[in-house]
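Two complexes, one shared chain (chain A), two partners (chain B, chain C).
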Partner chain A sequence: MTQLSRNETIKGESRFLRGTIAEGLLEHVTGGIAEDDQQLTKFHGIYQQDDRDLRAERAKKKLEKAFSFMARLRIPGGVLTPAQWIAMHDLAAEHGNDTLRLTTRQTIQFHGIIKSNLRPAIQAINAAMLDTIAACGDVNRNVIASVVPQHAAVHAQVLETARAISAHLLPHSRAWHEIWIGETQVAGGEAEEEPILGRTYLPRKFKIALAVPPQNDVDAFAHEMGLIAIVEGGSVVGYNVAVGGGMGMTHGEPDTFPRTGDLIGFCTPAQVVDVCEKVVTIQRDWGDRSDRKHARLKYTIETHGLDRFRAELSARLGFALAPARDYAFARSGDPLGWVEGEDGRWHCFLFVENGRVQGEMLAGLRAVAAQHDGRFILTPNQNLVIADVAAGHKAAIDALLRRHGLTEPGVLRRNAMACVALPTCGLALAESERYLPELITTLEAEYQRCGLRDDEIMIRMTGCPNGCARPYLAEIGLVGTGPGLYNLYLGGAFDGTRLSKLYREKIGHDAIVAALAPLFAGYAADRRWGERFSDFVIRTGVVAATTAGNRFHTA
Partner chain B sequence: MSTSIAQAATPFAEDQLSEIRRLVGGATAEQRLWLSGYVAGFQAATDSPAAPAAPPAAKAKLTILYATESGNAEALAGAARKSAARLGFAARTVDMMDTTPEQLAGAEALLVIASTWGEGDPPQRAEGFLTALMAEDAPGLAGLRFAVLALGDRAYAKFCETGRQIDARLEALGGTRIAPRLDCDLDFHQPAAAWIDTTLREIAPPADEAGAAVIHVDFARPGAAEDRTRAFDAEITARIILNSSRSDVETHHVELSLAGAGIAYEPGDSLGFSPRNDPVLVEDVLRLAGLDGDAAMHAALTERLDITTLTRAQITDYAGLTGDAALRALAEDAIRAAEFLRDRQFVDLLAAAPHKLTGENLTNLLRPLPPRLYSVASSRAAVGEEAHLLIGAVRWNSHGRARNGVASVDVAERRGVGTTLPVYLKPNPHFRLPADPAAPIVMIGPGTGVAPFRAFLQQREATGATGRNWLFTGARRFTHDFLYQLEWRDWLQSGVLSRIDLAFSRDQRKKIYVQHRMWEARGDLFAWLQDGATVYVCGDAKAMAKDVHAMLLRVIADQSRRDADGAAAYLREMQRAGRYLRDVY
Partner chain C sequence: MTGRLGTAETARTLLRAMLDVFPGRIAAVSSFGAESAVVLHMLAELDPAVPVIFLDTGKLFPETLAYRDALVALLGLSDVRSARPDAARLARADAAGTLWQSDPDACCWHRKVEPLEAALTDFAAWITGRKRFQGASRRRLDMVEAGPDKRIKLNPLAAWSAAEVERYLAQHDLPLHPLRAKGYGSIGCTTCTRPVRHGEEPRAGRWAGSGKTECGIHCPPAAPTQTWTSPA
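On to the complex of A and B.
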């Protein structure tokens, strides 16, 4: 067998995710922590980062890198109370960089927490009945679920399932509580066990998403497991199970690729937690622990074959999954604006550009939270829903939002998403969050010049090929390759069911605009009735359709 | 302008006084020096003194009592003792820290040299003495003949406050004033020398004319100790802002080449230099005074005169010069004047009531530009013929104007690499590493106060000193303002630095300062004190040094179960033993 990756040793020797994190927090002269501990804090939802904008100047100023930490909440299904929202706002103001970053996995990230503020920050999170456990690391990540508050009953069922899965797959280690909250250690900690995840946890991250068709806001095929709710008579009767999805790849390494999950059957709500557990354990036992670039479930399935995988799953479950049921997705973007629910309550889907809540928007949402008795729901599109507004309250909340300038975005912007990238993401090769807004402005001008008005096109950008904004499922995907340069992908389906294809390599702003403008023009002139931009570019041969992940790199 | 004769105590009438002011104020340093000698000589030659002309049979006893923080008063006292000895006195110098008013009761003649600190406070080392002197049960001092020389800085509202208080109190306790008090501004050297010389003669006039004619001016030029007149043009070889570009403050690390300068500084010493005024401000002042200003005028305003400080006396003088009644009324109303002076500078006075002035009018309104001091942040043992300074750029806004600290911003904006800085050495014998290289030290220096401690550590590292070193420092924000972070980190790793405790005030809602860290570490801190550690405090005098002092007392009280008096005694004893040293500004 090939050698285990370094992370496996770190995990194995970590005493269930403790390492020397607590000691490192006491080393005040540095804003960072030990290298191995940086791997371990991820399991606690905490990343060491540094401000890359400042890197160049630091050494000559006799300063180490501008270290700070990113902390990511675990919020299965993305539901918060207004009080929790306010608490998180306070936390960001006091300990973070005064922004809340809504993520593509339906949660909040805090950036810029310096080491001395980490414990107070995590304790504030704990005090708000939230946590950051397993928000990162080689574990099951935040379980995401379609945001369909307008279908209150179904939404409630799906949320309950998301929470149950998340709770069931959580690490058992008490390390988080000890290190961050100050819970005293139970005799050595060594007595702990990780019955599901194992002593060295999973080979790599593991992701689960629950979709409620026709809404595919979670991108059901982009995760280790996509669970597609089948609704009958106003209630969830079970879930279609897709396995082996994932986005990340590495430039220049064609054996890494994004992959859409394979539909392997159907399970009942009573079975679904068990199904998740068994898929996790197969990945735990079969996943590649020598090469982290090849360790996700998608590669495990590619290596062992879907049939073997399915057989193993049946064996572990003690039953076979039923055949998948019919379903249909319509879109992966969020419907924006007010939506009336089945029960007469209203829900406002607010566009948050690239998920970054700051400034006037923070102030506005705080004002809303102060008088709102419903819920705040984060969406997998980095947006926010003010849910459960009584009809009589709608006008007041609407007025507040308007007063704080929260208005609807343009047609290309409304479905646009960018990952964080610079300056905090250590893996970014190019700008993303800080650049996409400007590019969209230019593209919207081109779009209008072509006479297009209301036809949505889904655009996503990431600063590197890891795919955090799921760009390979976008109609237009831009993936950073170097400073100011991007690969341009086209043809991902509007409903998130088809991967895209590389169209142009390593191009800058002007070339991106130049490449897209004629396609907009062609689309305006030659599209069929109701035809999506992505379907148009495939029909007209601009790019070939990608039918499977392992064909992503083939032209 | 720079030195006033305390009016209440002068034998002169107002018009005589202004004559003197005009003459002395307008004189060059050399002229003043000559004048002082002239007056002394003239007096000796013309007076037929009532005192015995023959030398006293037994040498007259003279106590020279000084209160100092940064050593000026002490240096003057030392020089005065030499002069007194030459004049035939049995003179001794006494640090206020080492004596009590009772012990003075026996003295016959007393010369007091006292500086003022903080906001009109006595030097810290003199606090105990002064409290006792001001107390109701202070001893009567009938029979004591005294004179007071006050050191201060006219830029402070309570100019020479400590000297004034002592002067009044000694009289109230029954003492006889031999000579009117002299209040000195920062350019105290010549006027103080002259005053000391005349005063010594008042106390016990010299035996003969020959003796009287000898003018002992050597203390006006302290030579090796501190010589501003022989500044060395040190080339700036590096200048780096240590704060990150995200910081709201700017602290410059400046490296100077002292090659060939022969400036043998010790860790703990400071370098002084005479800054140049902001050329934009110079133009503003000229314009508001209705002057074009020739090259000489520009040079004077740029290099020699203080064009930023504003005092009530200047309002008075300006009102007098211009006949501006409103200004005169302002100057005469203490409360309104104080209100006007707050956060204003000389240029604001001109702007508030512009009048056309002559060049001479203008320069007579201004005091000499005082030099500024900066702790040396390096050790020669580590950097050779270099000196490093750590200079915080002082910038603020007031009354609608952006203001710049004269010296710090001169360096920050106008003294680039390759230019020179005319530096002189200002030794600080009261701020030295312990003689014993194995003795532990505790260094408390937030902000630029950390500068001498970098020198200390360089020195201790280079000399292989084995004593433990503990640093308390801090600034606004860890990420952006942690001065010399990587160096402390390396020193911790190599063991040169035993421990560092950090206070970054703005990293959390509740402000955290070094004194809070001291409290958190009180057990260890007191253990270090018990182990004989010397405590050094450097940096801000307004708040930090006071808070740290209070915290030291609190830690000592808490850890040794002493009451407040007991803790104060403990700390006083440390101070007396030279184990509690401060260099604050």
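On to the complex of A and C.
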């Protein structure tokens, strides 16, 4: 038998995710925690990081790395009350780096929490009726859902389902409550079990997204499971089920690739939690626990074949999924600006550049939160919706946003999305969040020079190939390979249904602009009526269409 | 960011993207002048069958013609097309061949602008070797010039410095135009080109002393006012 990966041993010996985390928090000699515990805190939504900008200087002074922690919330569907938003703002100001980072999994990340502030920070989160359980690690991550408050009834149903799935698949371990909140372990109490996840949890992360067509804001095919709501008569009658999507890959290892999920059928709202549970247990039992780069559900399905996977799912469920229903996606990304809901309330989709809420935007949103009685909804594209605004209140909110300079971005910027990368992310090979705004400024100038004005193009960047910003589904994807260098991918469909293809390898800023400017010019001159940029570059042969994940690396 | 690193890589990337998006519908226009070998070499590496349009005005230096033939053979360019003025029209407009003295703009119009327009009819885009450092009229040159109803123009060397051009020529061991040795920095027709003096801009020897700096192929076309009109 192949050897289990190191993480499997750590998980197995962790006493249900406890390890020596609690002891490590009391250790004042270092700002970090033990290596094995760093794997375990992920299951509690916490990552040890360090400021990579300071590494060289601190090494010279023989100081340890500038350790701090990132904490990520679990917010199924991304809905917060204004009071929760204010509490999170306070937390970031007091214990973090005074920014809130909205992520592609519809949640908030806090950066720069030093070790001694971790417990107070998590306790503040708990006090706001939120948590960080299973926000990272080999578990079901935050369940994301389309942001469609304008369809209030459907949105409510989908949110309820997202929350039910999230709750059902949570670890049963009380470790999070003990370590961070101070709950005491009942001595001699009942032995813990993980009936769904198992005592070594899942082989790798597991992601679920719920989409409400025609919106594909969640990128339904980018996750282990995409659940596509089928709406009839204003109500969700069930979900099409897609399995085996996933973004991450490794440069130079063609056995690893992004993959779009396969549609395998339809289930009713009453069945959907059970379907999720059974897919999770198949992955728990069949997933590769020897090689973490090959451990996600997409590889399990590639290895065993979709037919065997379906048969196993039917066997575990005790019924077969119904045939998938018809549906159509129109777009990925978010619409921006005010949208009027079916019930007459208004919702403002606010652009947040790369999800980083700071400075004037933070101040502006706090002012909004102070007088808003609706909801704040985080989107899967790192934006924010001020939802449920009464018609009579809209002008006041609008005035506040304008007063704080929160206006609509240019046409390329509005669909541009970057991951965090440097200086905090340990995986980053290149800049992302700190560089994309500058690149977009240059590209918008080229775009306008070609006579393009209102044609949306989806651009996404990540600092490494793991794909947090879902770059392989973008029309233009840039993935860091080294300092200042990126692979350029083209041809991901605007509606999120087709992966992209590598176009240029390891190029810097000037060459990125040089590669894209002629394509903008060609698009402006030769596109067909309504043709998307990604469809244009495929029709004209600039890149071939990627028809399946396992053909991602084929020319 | 990497900024100016890899200038040649940037130009190559631009050319490749252009050939990718306009396959069969893009041509290079070359004077086979002082620095033309750079773009021609890059193109030959990417696709030696890309059409190259050469404007044979009838008043070129014999050295230019010889250099063209040598470079074409060396690089293996397989589709070099000479665009010449229409003989009948030229006979009417410049019978004595002295129009360049009285009206250089009109001369350029008949010998360059019009023949080029005809040669480019079937192309959606064209490639030039212009650079910002060449003079004031080119200081704000973009790599891609495009716009509604405009033929797209690609200037892969726009941001290059003179030193980068020379480095590329040397690195790839490309032959130099023979008139460079005689002090010519930019080479057009025999009638309107002189060598440049120390400290002058490279294009200072073109239409020197006349205030004219561009032949017209890179400006919005303006037909000469007293031009012939074709008999209906």
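The rule is simple: the second predicted complex is superposed on the first by the 551 of 555 C-alpha atoms of A that agree within 3 Å, B and C clash if a C-alpha of one lies under 4 Å from a C-alpha of the other, contacts with A are read in each partner's own complex, and residues count from 1 in each chain.
Simple rule for what comes next: a residue touches a chain if its C-beta (ideal position, glycine included) is under 8 Å from a C-beta of that chain, and two chains touch if they have at least 3 such contacts.
Note that the structure is a prediction, hence the values are computed from the model and not measured.
Novice: I'd like to know which partner A:64 touches here: chain B for first, chain C for second, both or neither.
Specialist: first
Novice: Between chain B (first) and chain C (second), which, if any, makes contact with A:31: first, second, both or neither?
Specialist: In the superposition, A:31 touches chain B alone.
Novice: So, does A:289 touch the first partner chain B, the second partner chain C, both, or neither?
Specialist: neither
Novice: For A:449, using the defined touch cut-off, is the partner it touches chain B, chain C, both, or neither? Pick first, second, both or neither.
Specialist: Only chain C is touched by A:449; chain B is not.
Novice: Go through the superposed model and pick first if A:95 touches only chain B, second if only chain C, both, or neither.
Specialist: After superposing on A, A:95 lies in contact with chain B but is clear of chain C.
Novice: Classify the contacts of A:223 with the two partner chains as first (chain B alone), second (chain C alone), both, or neither.
Specialist: Touch partners of A:223: none, neither chain B nor chain C.
Novice: Would you check which partner chain A:498 touches, where first means chain B only, second means chain C only, and both and neither mean what they say?
Specialist: It touches nothing on chain B or chain C.
Novice: Touch check for A:526: first (chain B), second (chain C), both, or neither?
Specialist: second
Novice: Any idea whether chain B or chain C touches more of chain A?
Specialist: The partner that reaches more residues of chain A in the superposed model: C.
Novice: Name the contact category of A:151: first (chain B only), second (chain C only), both, or neither.
Specialist: neither
Novice: If we count contacts the way the header does, which residues on chain A are in touch with chain C in the complex?
Specialist: 435, 438, 446, 449-451, 484-485, 504, 507-511, 513-526, 537, 540-542
Novice: Quick one: in the complex, what on chain A touches chain B?
Specialist: For this pair, the touching residues of chain A are 28-31, 51, 54, 57-64, 66-68, 94-95, 114-117, 120.
Novice: Under the stated contact criterion, what part of chain B meets chain A in this complex?
Specialist: 240-246, 253, 478-480, 482-489, 492, 500-502, 504, 507-509
Novice: Would you mind writing out the residues of chain C in touch with chain A in their complex?
Specialist: Touching chain A: residues 1-7, 9-11, 13-14, 16-18, 20-23, 124-125, 142-148, 152, 154, 156, 159 of chain C.
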